[in-house]
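The following pair of complexes shares a single chain, subunit A, combined with subunit B in the former and subunit C in the latter.
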Partner chain A sequence: MSTVTGFLTDSTLCIGCKACEVACKEWNDLGADGLNWSGFSYDNTGALGHSTWRHVKFVEHPPELGHGGNSPELASWTFSSDVCKHCENAGCLEACPTGSIVRTEFGTVYVQPDICNGCSYCVVACPFGVIQRNKEDGRAFKCTFCYDRQRAGRTPACAHACPTESIKFGPLDELRAEAGRRIEDLHSKGMHDATLYDPVDTSVGGIHAFFITRGDPRQYNLPPQPEIPTIYAKQGWKSAALGAGMLAVGTFLAFLGGGKR
Partner chain B sequence: MKDSAVSHRMESDPDFDFSRRERRLEAIRSQAFQTGHVDDVGIRPNGSPIPIASPEAGYYEIPMLKEPQWSWEIPVYFFVGGAAGAAAVVAQFAQMTGAKSEIVSDARTIAALGSILTPALLVSDLGVPSRFLNMLRVFKLQSPMSVGVYIVSAFGPATILAKAANYLQKNRSDGILKVFETTSGLFSALFGLGMATYTGVLIGSTAIPVWNENIDSLPIHFALSGLGAGVSALQLMGHEDSRSLNVLGIASSLGETMEGVKLESTFKPANEPLKQGASGVITRLGGVLSGPLPLTLRVAAAFADKKRSRQLVRAASVATIAGSFFTRLGWIRAGHVSAKDYRLPLQIESERHPELAIGSVQTGSAPVQFPESATR
Partner chain C sequence: MPSLGTSFGRGGATTAQQDLANSDAILIMGSSMAENHPVGFQWVMEARKRGATIIHVDPRFTRTSAMADIWVPMRSGSDIVFLGGLIRYVLESGKEFREYVKHYTNAATILREDMKLPDELEGVFSGWDEETSKYSPETWLYQGEPEKSDAVRPGHAQAGGGHGKDRGGEAGDLHKHDSDPTLQHPRCAFNVLRRHFARYTPELVESVCGVPKEQFLKVAEIFSNASGPEKTGAICYAVGWTQHSTGVQIIRAACILQLLLGNIGRPGGGVLALRGHASIQGSTDIPTLYDILPGYSPMPFWESDADTLEQYINRHSSNAGWWSNFDKYIVSLLKAWYGDQAKKENDFGFDWLPRVTGDHSELGYWMDMMDGKMEGLFVMGQNPAVGAANGRLQRKALSKLKWLVVREFVETETASFWYDSPEIERGELKPEDIATEIFFFPAASHVEKEGSFTNTQRLIQLHQKAIDPPADCRSETWFMYHLGRRMKAKAKAGLHPRNAGLNALTWDYPTQGPHAEPVVDAVVCEINGYKTANRELVRDYTELQADGSTACGCWIYSGIHPQPGMNLANSRKPKDYLGHGWGYAWPSDRRILYNRASARPDGKPWSERKKLVWWDENKRAWTGHDVPDFKKDTPPDYRPAQEAKGMEAIAGDMPFIMHPDGVGWLWVSSGLKDGPLPTHYEPLEPVVPNALYPKRPFNPTAEKMERPENPYGFPCDKRFPHVLTTYRLTEHHTAGGMSRTLSHLAELQPEFFCEISPEMAEEFGIVHGGYATIISPRGIIEARALVTPRMRPFAVQGRRVYEVGLPYHWGSRGITTGDSANDLLALNEEPNVRIMETKALACFIRSGRRPRGEAALDELKAKMRESA
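Let's look at the complex of A and B:
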């Protein structure tokens, strides 16, 4: 029995070197994203996508003492390496009509590329905007949590490459405990805005790749209350039943009253 | 030199954005001119040169959600599927209540054509035809896409069989064929009801705010739209005088009018793409063409003489069919706009969870004031 594994990405340790992004692309043989200049920060990648499974966010603030260690004239920086959250209840997995997206023995969410048929329903079902369809290939791709490396008993490429141990990999419960200790440690050092992003109280039910960030998670594009969209399906089917009933009864009555005409 | 270039641009281009960042730079420039130095801490006007990530702007206003990646086939599929599904229902009830056989036959034709076209559109969207079969290896009740695929797959054979049985009875009546038509027609109508409504559930149970927030009304809205299109297509085949079809036409256009009034009177940020921009124009065009316009024409037709009445019904039918198509197209376009709106996932969360409203989240530390010496 394999243990359930997770990522703890600690943005207070991240130096923004993007080694994780590069290691991920190297190992998984992902294509380039193009030489685009975003024009709004030093981050020219922008977001996760079908060929970007790790993405280092450069979160810039107005200067604030003790935040990023910069000189007071410059904006404070925090970096955070974003990745698929591998939700406890995953929107993409629920929505997938082919059964291509599965839960692995490591508790991670994995897209089987030979079964994915490119319906792209998972793309609109992910509350974090992670998974994306590759238009040339036609299928959807996202972080595999290095399923192949984990099967071989290795650390995922990004965590392996991280020079500051900002990306920690290990058994999920151990990481959760470590995250708690780290938060306490940071608070004791005066970083009172350090928080653990792990939405356990939502329908997502917690994530397997959680983040220690500073300040409001929304500035990292992390939704404060993510919900898996399929929980609304029941409501939708009720309404569909009502619509179908109206359609059937209405048509029946119209023809009953209309007679031969 | 620079000043003249800027002022020239200001004069020649009235839209040039002299908003916050330009005013900010002007203030800093005049401060430097007057005092010989700048007291402010850094230059950080909004958007340039250093933008700010914040709870209000998210991550540099980059959309949190991914845009839908369906191709043009999907709105067409929604339209055809809705009309065909409704036509199957009409055919079955028409047959069961002993309506004119031409109505039954033509309704079955519309349903059958639609049932062939719909899987073709889906396959075309997937790119590789065999990939469609991957969806038939599992059945997942929790996935509206999976349920929908089975509805489509079952609707096709049932509808085609019903039409075939109907066709074979054209010149002779046959008891066995009639039973066969009724049975397969019953399944066709049953799955037709699914065809007309499930697409609302499909887009409603996604993370796209404009779809998700309207999940309660979308299936009914789409059912009425499909009914309108199905009935209208049938009437254009020469059934302008059918009282039953006219009643259904009025009912669907009345329903769509009510739906439009409801949407127009609901003000929430998620609904903006239904009212603004290109997607708003398309959605509203669809609404007018399938709601108030055909309603007026159809009511007028009820009071007109026979020849004029037929013309009015035909006009109403054409409008309804176009309206149904634009409605689906508009909703899909609105989903794209909604996904690209960075504010929505930040705002909607706060709407459903007022305790998380922007500004009420404690970041844990009060803003630090720089000592006077640190700013020099």
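Let's look at the complex of A and C:
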């Protein structure tokens, strides 16, 4: 049994160099997203997608004189490298009708491109909007957690390229413990707005790529209460069953009534 | 880096990036280290983790500011006032590291009575000649120092550059002088410093730099507290300091501050010069510069050095200190170059070395090219049509060449100027009129060739070839070797006397493979040096001789290949925090220079926390965590005899062994062309008057190289009221040849943009995401407007000064194209290193795209005049 691995992406250590984004594209041979100057800070690739599996988000707040971004009072310009969360309960995996999406021996969620039929169920099932269909060939793509590199005993390309250890890779348990220590450390330095984003209390049941960020996690594209759509399935089936039952009862009653006439 | 050279003795960063982790405070100024040195920045992050305070002083809030604890915005071009303010703060509050200053700097040295400071002479030091716009530096000498006659003393009058002074000031008998160890004498360097910087008050900082007093004092307090036996602070800078018309003096101010705080030669201290390219340090060590020879030996100059080798050696060697060995290094260099042909009888071929006859610096020769004085040009690893100042002049100058060779892996704007450039678009140049013959040679990339990089911290690292270069692509080594071979073959047949040197040159590297690639190891062996009798490799530069029995390609690198098959640049097993065992740092694998200063005068560490190198009484030797930068067995209590020479003249408590007097120089008595101390001048295109010396708006020794193709605005020209500053982005590489052409990088910053403050945008009606046109006296360009509160206006001398920030990566080729910011810059020369000013110029801005066509341009000009 292989170790379950994870990413700890610590935005307080991220210098916004985008090396992870480029290393990911290079290793996985992903295409370019096109040349679109967004005017949104230094972010011109927008969001995760079928050809962007790591994406550095730039969050700007007006800086104040004397305060650098590491000031406890004000995080003026922060960067956070977004990635597939590799959920404990993965919406995409549960939605996939072909069995293309599987959980690997590293506990990560992997799309097998040769099986994917391009149905897109996974796309709507992801609570984070990570997975996306490539319009050219119709199939869905997202971060593989460098399954190939991990199989060869190597660190994923993004973590390997990160110059400041903002992206840490390792056994999930150890990373969780480290994240806890890091939060304590940040709080002790007065950064009380630093939090660990790891939604264990929702139906997602925790993620394998968690984040340390400052301020409201929503500004980093991290929903406060992510849920997988399948939690609605039980209720859905219940309603369907109830509807079918009522239909049956109605029909039965109708027959009964008809007999009397 | 004459600033570091004159202050400390060597023109290189004094420390290693890894050592930043030991700092208690790091001041980053003139650099966006996180953006341009992201890998090295991990050590700043490590320091931060350990509790250091990171201070970033920069006009813009950059990705470095985002990682800093403190960000203080400062108007571009006012650095000396800010640093001078820090120096004054330290001196006035008695925060200098007194013991260090007393023993390890020239604070006690008494200066001559006829020396005058700029305050007494309305902005110039004594020795100024208004007619020639040059200093004669005699009055800057130490009192009691024997004067050398003009014939022996290397002059300041020649057209030459200052890189020769990287070696630590000029030759002299500086070790003989008057001094006052009590620091009471009114003319001791310490008190002169105090007098000179007395006007650099927090109030002056506020009015000139636009930095509120409280912010300045906060920085001053935090940084000066990182000093003393238990603490150290480091300063990191990059071209944000270098590329000013006062660049060398800005860095000098930082050196003075670090000497006062006792932060040189100690762990966590230092001045870290962050170099702008992968091997820029290497390109001055084994220079591509016109005014120095390998190992910072001066290039001989016409007139002053045209005579004999003996006279040249006398002129440039020193009686005391390390440069007393100069003869060994220069003779060994000549032996390496001319082999058996270099004999004592022919001055070892000294006369075959060309003489510098004028300004052959990069900027100088572009002017020559413009004037049609140059026939041909090789361009390798450079894209001057985009990356150099005044792009329009550069491209037009290229059109006057007979031939041009561009070696690149893509066709850059420099290679395509004749059919695809703004001048062609505007009709100023026509392809059919350009007679330049252009040769485009495909180049191998760094993974396709073997070689080395010498990085920011003097660390030489070998890189292997991963794959063969495709098709006709070849390495630089291959190109230069075979070019030389062919030239030598031609020279052999020619009868010109000028061919004698080329004929004598040894050019016999072994080759390998199908393309006859020169063996890099053989080149490294030559650089390391060998005994000429049997070609046995020397252990290091201490084995070099002046009698022709040794040859050495670059003495400071000697020791890099001490045995056959042992290239230390290829070491890959780091064994300590300073990285010994990984690569090889010159000199002698010392990672922190002047590290004798990490111990007290008596040889014991200043503190347990900051110990690095100390005297081991039992072993009677210097020892510690780094290779001692000192004579290994000279005890701390050694005192030289009156007539001692060379290293014997350096006492056991003198850590700056390259200097004849063995100490760090607060006061630079010789070696700098624009003064012994830094003093504030506005940039060459000032937008405000010089608050200190109204009669001297800008550095009087800088060369503006003014001509019709390189025009300037007036000081405080109302047509160009804003400050313009240029810089780089993490996502692109310099002139873009290696990044604008790659989709994965181009998409990250896909368009040329300018950064301006919301206040500026509002005042000039510029819309975020729209276009802005930016104009300087040299050019007119357009860029998308990125309006951001990370830019802010400055309150300077009662007026509001706006800054426009421009990344300079774009040009007309590649996947992402755009106007070149450098088209706005002027060609000019800082007097010491002859670098142009790119960080603070004047400009005009307006909303919308740039005018196209003659009529539209005239209309715009009229409007500018009107608004002014």
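We adopt the following convention: the second predicted complex is superposed on the first by the 227 of 261 C-alpha atoms of A that agree within 3 Å, B and C clash if a C-alpha of one lies under 4 Å from a C-alpha of the other, contacts with A are read in each partner's own complex, and residues count from 1 in each chain.
Everything below uses one rule, namely that a residue touches a chain if its C-beta (ideal position, glycine included) is under 8 Å from a C-beta of that chain, and two chains touch if they have at least 3 such contacts.
Computed from a predicted model, the values in this text were never measured in an experiment.
Q: Quick check on the superposed pair: does A:C17 touch subunit B, subunit C, both, or neither? Answer first, second, both or neither.
A: A:C17 contacts subunit C only, not subunit B.
Q: After superposing on the shared chain, does subunit C or subunit B touch more subunit A residues?
A: B
Q: Quick one: classify A:A95 as touching subunit B (first), subunit C (second), both or neither.
A: Touch status of A:A95: first partner only.
Q: Per the contact definition in the header, classify A:T155: touching subunit B only (first), subunit C only (second), both, or neither.
A: neither
Q: For A:E26 in the superposed arrangement: first (subunit B), second (subunit C), both or neither?
A: Only subunit C; A:E26 stays clear of subunit B.
Q: In the overlay, answer first, second, both or neither for which of subunit B and subunit C A:K57 touches.
A: In the superposition, A:K57 contacts subunit B only.
Q: Mind working out whether A:A125 is in touch with subunit B, subunit C, both or neither, as first, second, both or neither?
A: first
Q: With the two structures laid over each other on chain A, which partner does A:Q112 touch: subunit B (first), subunit C (second), both, or neither?
A: So A:Q112 meets neither subunit B nor subunit C here.
Q: Pick one for A:S41: touches subunit B only (first), subunit C only (second), both, or neither.
A: A:S41 contacts both subunit B and subunit C.
Q: Would you sort A:T104 into first (subunit B), second (subunit C), both or neither based on which partner it touches?
A: neither
Q: Across the two complexes, find the residues of subunit A that touch subunit B and also touch subunit C.
A: 41, 60, 62-63, 65-67
Q: Across the complex, what residues on subunit B touch subunit A?
A: Within the complex, subunit B touches subunit A at residues 41-42, 44, 47, 50-60, 62-70, 86, 89-90, 93-94, 96-100, 125-128, 131-132, 134-135, 137-138, 140, 142-146, 148-149, 189, 193-194, 196-198, 200-208, 211-212, 215-220, 222-224, 226-227, 241-245, 247-248, 251, 335, 339, 345-346, 349, 352-353, 356, 358, 361, 363-365, 367-368, 370, 374-375.
Q: How about subunit A: which of its residues touch subunit B in the complex?
A: Subunit A reaches subunit B through residues 38, 40-41, 43, 46-47, 49, 57, 59-67, 72-75, 91, 94-100, 115-121, 123-133, 135, 138, 191-195, 214-216, 218-221, 223-225, 227, 229-233, 235-237, 239-244, 246-248, 250-252, 254-261.
Q: In the complex of these two chains, what residues of subunit A are touching subunit C?
A: Touch list, subunit A to subunit C: 13, 15-19, 21-22, 25-26, 31-37, 39, 41-42, 44-45, 60, 62-63, 65-71, 76-79, 163-165.
Q: If you look only at subunit C, which of its residues touch subunit A in the complex?
A: 34-35, 38-39, 41-42, 45, 48, 54-56, 61, 63, 65-73, 212, 214-215, 218, 729-731, 743-751, 753, 768-769, 784, 786, 788-790, 815-816
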